[in-house]
Amino acid sequence: MASEFDTGLPSIRQVQTLIRDQNTVELKLLTGDVFSGTVVWQDAHAICLSVDGATVLTMRSAVAYIKAN
Amino acid sequence: MASEFDTGLPSIRQVQTLIRDQNTVELKLLTGDVFSGTVVWQDAHAICLSVDGATVLTMRSAVAYIKAN
Amino acid sequence: MASEFDTGLPSIRQVQTLIRDQNTVELKLLTGDVFSGTVVWQDAHAICLSVDGATVLTMRSAVAYIKAN
Amino acid sequence: MASEFDTGLPSIRQVQTLIRDQNTVELKLLTGDVFSGTVVWQDAHAICLSVDGATVLTMRSAVAYIKAN
Amino acid sequence: MASEFDTGLPSIRQVQTLIRDQNTVELKLLTGDVFSGTVVWQDAHAICLSVDGATVLTMRSAVAYIKAN
Amino acid sequence: MASEFDTGLPSIRQVQTLIRDQNTVELKLLTGDVFSGTVVWQDAHAICLSVDGATVLTMRSAVAYIKAN
């Protein structure tokens, strides 16, 4: 579980922007689950969402895509 | 199986909080299995749950999300 | 999340060409989702698509194939 | 295929205990296969089970969970 | 995305032979997609196929098997 | 694609024995495909099978289990 987290990467910056602007996003997991909510924070292993008031810790390795609505 | 486990990461700390507070969590695996139980401990490779009195060792690589109920 | 991104690799260069020429591509994810759109940018963790005007951040680990139409 | 195998990790120790005590375990793979048997040994890449007298080498990367019955 | 690509490995050499001899191969992805075509090139992240005249960039992490017809 | 291949590991040695003894094995992939054949060779990235006279290069990352018949 190497934890280097290169905040200079475009993909990390894009999610940072989604966090800053509190956009509603559609995040799909490899399980087929689709969450619609806002990104609370991100780190090397996970992307934390707020979905209908609940906190959902999605594992990066299980994320298929993130779409800004 | 590098075993660095950065306890400073928000995602690790969040699970630590779930362990401390013994929240009931919903943990979904890439198989589609959904476990409802409490987190006993976590390490670089696994998240150990107590589910209806049974110990379930879930592999981090197979975890899709963790939702605090 | 090591972020070495070897732009000399043929696979990275091929996607760079798709970006430069703004080809329409078919990108399939492990979820079975198939996106038809153009590649906006790529980095070590993700491939960013423009699909019908929406920005879709696909995780590299979830990409199955990319086909130039 | 880095082969560091940190026997100090709780998850490795827990499986070691299952081996020592020859508990019957339920091991589920990402394919949906569920094996009921005993753990013979483990290493950085695999968990070896004895299932109805047959030896089954399960790849760690494909294991979803292990449940002690 | 470490990019060491050990051309001495049997598996890399075998695909090199398939490229040199332009064998028709059957390549199956984790999505269940099966491509029948020839291998154009390979690198640390991808295997590039020519399938019915189209270029298909398959991600190594999504390849299940390659079978020489 | 780090290529360290620790031939001292029990799991590597076990497959080496299957190769030496030319046991018929059942190898299941994450796609659900089950191959019955003999192991020809293995390396850090792949396990090469002979199945009904055909050579099948299975990617280690896609292997779920190997069972000696």
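Annotations
Each chain gets a letter, A, B, C, D, E and F, in the order it is written, and its residues are counted from 1.
Everything below uses one rule, namely that a residue touches a chain if its C-beta (ideal position, glycine included) is under 8 Å from a C-beta of that chain, and two chains touch if they have at least 3 such contacts.
Computed from a predicted structure; not experimentally measured.
Here the chain-to-chain distance from chain D to chain F, counted in touching steps, is 1.
Distance between Cα centroids is largest for the pairing of chain E with B.
Different-residue interface: chain B and chain D share under half of the residue numbers found at their contact.
Compared with chain F, the chain whose C-alpha mean position is the greatest distance off is A. Summary of the copy comparison: rotating chain A onto chain E for the best CA superposition needs 120 degrees, to the nearest 5.
Put simply, the C-alpha centre of chain A and that of chain C have 18 angstrom between them. Chain B and chain C have Cα centroids lying 31 Å from one another. Shared contact sites, meaning residues of chain E that touch two or more other chains, fall at 2-3, 29-30, 44, 61.
Taken as a contact graph, the chains are arranged in a single closed ring, with each chain touching exactly two others. Listing the chains around the ring, anchored at chain E and oriented toward chain F, produces E, F, D, B, A, C.
Interface of chain E with chain F (complex): residues 2-6, 9-12, 14-15, 28-30, 32, 44, 60-61, 63-69.
Residues 1-3, 29-31, 33, 41, 43-46, 48, 54-59, 61-62 of chain E touch chain C in their complex.
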